[in-house]
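Below: one structure, written as structure tokens.
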Amino acid sequence: MKDLDEFKKFRQKMNEKIFFYGNKQINRFFSLDSQSYREGALTEKVKELLGLATSTVLRCEDCITYHIIRAVQVGCSDEEIIETLEIALIVGGSIVIPELRRAVSTLEELRERQKKGINIDELV
Amino acid sequence: MKDLDEFKKFRQKMNEKIFFYGNKQINRFFSLDSQSYREGALTEKVKELLGLATSTVLRCEDCITYHIIRAVQVGCSDEEIIETLEIALIVGGSIVIPELRRAVSTLEELRERQKKGINIDELV
Amino acid sequence: MKDLDEFKKFRQKMNEKIFFYGNKQINRFFSLDSQSYREGALTEKVKELLGLATSTVLRCEDCITYHIIRAVQVGCSDEEIIETLEIALIVGGSIVIPELRRAVSTLEELRERQKKGINIDELV
Amino acid sequence: MKDLDEFKKFRQKMNEKIFFYGNKQINRFFSLDSQSYREGALTEKVKELLGLATSTVLRCEDCITYHIIRAVQVGCSDEEIIETLEIALIVGGSIVIPELRRAVSTLEELRERQKKGINIDELV
Amino acid sequence: MKDLDEFKKFRQKMNEKIFFYGNKQINRFFSLDSQSYREGALTEKVKELLGLATSTVLRCEDCITYHIIRAVQVGCSDEEIIETLEIALIVGGSIVIPELRRAVSTLEELRERQKKGINIDELV
Amino acid sequence: MKDLDEFKKFRQKMNEKIFFYGNKQINRFFSLDSQSYREGALTEKVKELLGLATSTVLRCEDCITYHIIRAVQVGCSDEEIIETLEIALIVGGSIVIPELRRAVSTLEELRERQKKGINIDELV
């Protein structure tokens, strides 16, 4: 499985490098992207599940890892996450299955860290 | 705009024809598909929004029309639907915009029907 | 339903116009495309079903119409076509359903033409 | 062929309606989208061709129509547009062909309007 | 190249974990998925080639590996597999090439195992 | 980060193996693919940027790596490459971000090699 600490390190390093190219539109898009998941008419939890479902049908592995982490951080239960993946599976078909396996593997690693009392708040 | 009554008629007619070919796996998939949106750990409203968001990023026009109708039927507000489309837009990019236009056009037609007291419960 | 004669007319007219731009690579690609479906280790029937299945999961409506016509022309049965669409449905998920409806609608129109003794050999 | 005046009318009407929902992120995305095609290290012409090529491989019909219009407005030649579509065809494969036909059909309508002295500056 | 024994181990482990979450729709989908490839109007060989072609145009690496293994297990020849990949390449374009390389690499490893008398029946 | 020398080695080895299967259509497609990027109405630089943008929105990692290398080889500046990625990001949305990170990482490795006087002409 993808190491979550490696994932974090590469994301942070590259986000900084991209930022320093100083391309205004790219930087605005990054800021727009994080604003979209803030509580509004929909709760943060629902928004993260929307991010997870869309990332899953589009089979963007890093995006799925990111939204699983975020979903766990904002307090989604296993059942809520699995039902979200279920809808993604029905909508997107069997090609979603490899992502489903990796998503569940990430979910399990996060739950293990929580059981051991390891802080997961800084992972993304 | 796509006429919602035409949409309903073609869907029903073709669903019946597909059913009568008697392909077991296809028929099971159709039944599985409708079961997936029933209330579970997630409410029907959230599930319809997940269906809407995934259909939007995959740019499946009929699927979007279907889930907008369902979202309105189960009581989602305009704000909830628009925030769902917002996340689909950020996740899927500017190629989602044409679907966003058609989705909003469908939403407006549904709201007009509701204002005029036209029953929309049988549309899907 | 898309009118099959309109479909034929627009395809032919635009294929000719594209040809007359004289772009070598585009013209070579068109020729390569038709060569790929000629009998080899696989029969023409299997190749058309491969064309149909891939077009269906990629949800390319005109491509599906084209390969349904070709599959019927080279003698595929309804059962063979429906099983091909079944695999496309399982692989591609519920977003394939709208294409499935249109594909079955095209298939039925072709079978009706055959029953009435209308020649379908020139449709593509 | 899609009527270009209908295309313009529907786009404008729906863009306004979307704007009036007042969703900040959607409105910012629309503004970001238009900023991205302004001259920078790359000319406006190259940027429109990038918009056209990406829209073509993603098979977004309205996006293709939009970028063909824009490419013609900023002065791209037929050869430049056709070579852009050629690369999109090689990258995206035969499923791009239906979009290629429609793109060429749009291009021809624009050239006819220009020949007749009809102003195309307000189409998008 | 992806190690085929690692591939098998991760698939089995995660399939079991997913099963034990007890989500009915997910479990039914998995069962539906395997039923779809059983002999019907089409032979098992043709069905596996349909699975391979659709996985290839959708560029699902694990799905391609799975269907190459299955195609070899049910007795498809190299020529049949390569012609299937050829159609996927023409349909899906040059973005399919990286998957083509990995597919051929998997095919070669399977043929080597067969030559050495290593049993490949348990790989999936 | 993906090792560029490993990337080169695997590409070359597999391209040769694919070539020796002797499938005419596949071999013609490979030749067509390289012809498409030769100078015509558009310069080689613009063509490589079109290849990069389309690969990025389709999220084909190896294709992105290939076109970043080619873009640097034919003399594109960082600004031109970043603006190309910017358009791909706006067109394709946040699911493009993981590819953006890897693309920038590849770009940086190429620039470092150039600074150290390491020849990058043979990488693809």
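For reference, chains read A, B, C, D, E and F in written order, and residue numbers begin at 1 within each chain.
Heads up, the rule we're going with is that contacts are C-beta pairs under 8 Å (C-beta built on N, C-alpha and C of every residue); 3 or more make two chains touch, one makes a residue touch a chain.
Being a predicted model, the structure only gives us computed values, none of them experimental.
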{"item": "Neighbouring chains common to chain B and chain F, by label", "value": "A, C, D, E"}
{"item": "Interface composition of copies chain D and chain F: same or different, split at half", "value": "same"}
{"item": "Contact-pair overlap exceeding half with A-C, pair selected from B-F, B-D or B-E", "value": "B-F"}
{"item": "Contact-richer chain pair [A-E vs A-B]", "value": "A-B"}
{"item": "Between chain D and chain E, centroid-to-centroid distance (C-alpha), Å", "value": "39"}
{"item": "Separation of chain C from chain F, taking each centre as the mean of its C-alpha atoms, in whole Å", "value": "32"}
{"item": "Centroid distance [mean C-alpha coordinates] between chain F and chain A, Å", "value": "28"}
{"item": "Touching two or more other chains - residues of chain C", "value": "25, 29, 32-33, 36, 54-55, 57-58, 63, 82-83, 86, 89-92, 94-95"}
{"item": "Pairwise touch network: line, ring, star, complete, or other", "value": "complete"}
{"item": "Residues on chain A engaged by chain B in the complex (per definition of touch)", "value": "32-33, 36-37, 40-42, 46-47, 49-51, 53-58, 63, 77, 79-80, 82-84, 86-88, 90-92"}
{"item": "Chain F residues touching chain A - in the complex, by the definition given at the top", "value": "59, 78, 82-83, 85-86, 89-90, 94-95, 97-98, 100-102, 104-105, 108"}
{"item": "Residue numbers on chain D that touch chain A, as the complex places them", "value": "24-25, 28-29, 32, 35-36"}
{"item": "Residues of chain D touching chain B in the complex", "value": "10-11, 14-15, 17-18, 21, 23, 25-26, 29-30, 33, 54-55, 58, 60-63"}
{"item": "Chain B residues touching chain F - in the complex, by the definition given at the top", "value": "57, 89-96"}
